[in-house]
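Some structures to go through are shown next.
First chain A sits with chain B, and in the next complex the same chain sits with chain C.
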Partner chain A sequence: MSVEKGTELPPLELHLTRADLVRYAGASGDFNPIHWSDRIAQVAGLPGVIAHGMLTLGAAGRIVTDWVGDPSRVRSYGARFTRPVLVPDDDAGATVTVTAVVSDVSDGIAKVDVKAVFDGKGVLGRAVAEVVLPD
Partner chain B sequence: MPDESFVGRALPAVGPFQVGREKIREFAAAIGDTSPLSLDLDVARAAGHRDLVAPPTFSTTFTMPLIEAFLKDPAFDWDYTRMVHGDQRIVFHRPILGGDDLFTTIHVDSLTTRAGSHMLTLRCEVATAEEPVATTTSLLVTQA
Partner chain C sequence: MSVEKGTELPPLELHLTRADLVRYAGASGDFNPIHWSDRIAQVAGLPGVIAHGMLTLGAAGRIVTDWVGDPSRVRSYGARFTRPVLVPDDDAGATVTVTAVVSDVSDGIAKVDVKAVFDGKGVLGRAVAEVVLPD
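Showing the complex of A and B:
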């Protein structure tokens, strides 16, 4: 695989519904009610239920793992949660568009900058994955 | 006001958390991850892994409940109901695999108060009895 600074990864579109949030709550063990109760989300000062930051981070990370083909090649991954992803109680849910570009390659490790956009604005800041490239 | 005397301290290690294959599959499904290395044992072994490979953010399944328990402990005096997750980093020393018995130690790295918010950095050192596996760092924010 030919990888250099500027290489763009195939983009990814995430669709997150309330059902996805419930599933993620169960799988992750994060039952914070701001991710399933509008009432409690509003008490916490939010317009309504928001996605778990770790769900957005984990699902967005598929842009990297799908590309490199083996999740064990990810040496580090992380981001700031800059804006909430509001998930309405409807069938469409929230759409998050994920793009990524290689920002550096050295010693067989690619640094990948990930962007996740919801409602026209970025929801992850400084989202970077370090990936060991195949020989 | 959260108890600043916790800063610089490490909580007792908790574990072992045994990484189950079905938990890996359940978590992968929850983030829409279809990598066969996380789902199909034959594929994972053919690729040279001892067992299924967990998705990169899988560690949250056992670190976040421990963090939650700490933050809900009245001794620390943290407003969990208004908490948001500010930042998350995960560094792997080796991948997390099915069958791993993992121990997690929470380190309270820093606590600052700025612009009406408490900002807390918790670092989780994740290891087997033999070797380090991952270091996760969470920035958590709540209203002061």
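Showing the complex of A and C:
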């Protein structure tokens, strides 16, 4: 695996539906109704139901784990939640386009900058994963 | 809400079962069999099925969102994955004890250091959330 600063990872297109949000609620224990009720999301000042930030973060991280193959090589991962992902009430759901580029390689560790774009705008800021490269 | 350096958040006990892992697989799209098959986990050199790191990270983050009330106040969150959480094949699952303390407050932003302990050992390293405090 030849990896250097500037290496681009294969891009990823995520589709998040309301069914995914309901499953994520059950998996994570985060049953906040802004993730399944338009009515309550609107009371909270949102246009409608939004994805759990951690679901977007986790799903976007697949660009890294798909690339490196072994998820246990991901040493760290985190981001800022800069914008909500609005999930419409239809089968297509929200489309989030994920791209990633290696920003640094040293001591066998690659730093990967991840970008997640929804509706033309970034939803994660400073999303960085550290990956232990195979020998 | 009086928050200062050293403020401790109410602790949280997580119980992650294999059913949670299967739900998380469906929610996140990460169907890696090390999260549901002891056989394949052992081929991969693990003692058995382990939790998705992002599930542990996300579920541990509830200590912060429960405390602050409004999850949209969490501006950033991330961690290192330092140790796997082994999830036994029983109803109790794995118990992860989560504690958190405010390490810094400035300009209305609290930095919260999160600790997640499984089987006596930390499973997340440098887990930090930035939280916008209510006025």
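Simple rule for what comes next: the second predicted complex is superposed on the first by the 135 of 135 C-alpha atoms of A that agree within 3 Å, B and C clash if a C-alpha of one lies under 4 Å from a C-alpha of the other, contacts with A are read in each partner's own complex, and residues count from 1 in each chain.
Going forward, a residue touches a chain if its C-beta (ideal position, glycine included) is under 8 Å from a C-beta of that chain, and two chains touch if they have at least 3 such contacts.
It should be emphasised that the depicted structure is a prediction, and the values quoted were computed from it without experimental measurement.
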Given the touch rule stated above, what does A:D30 touch, chain B (first), chain C (second), both, or neither? both
Between chain B (first) and chain C (second), which, if any, makes contact with A:G61: first, second, both or neither? both
The shared contact residues of chain A with chain B and chain C are 14, 20, 23-24, 26-30, 32, 52-55, 57-59, 61-62, 65, 71-72, 74-81, 84
Per the touch rule above, chain A residues touching chain B in the complex are 14, 20, 23-24, 26-30, 32, 43-45, 52-55, 57-59, 61-62, 64-66, 69-72, 74-81, 84, 129
As the complex stands, chain C meets chain A at residues 14, 20, 23-24, 26-30, 32, 44, 52-55, 57-59, 61-62, 65, 71-72, 74-81, 84, 125-126, 128, 130
The answer for chain B against chain A in the complex is residues 23, 26-27, 29-33, 35, 37-38, 47, 49, 53-57, 60-62, 64-65, 68, 81-92, 95, 137, 139
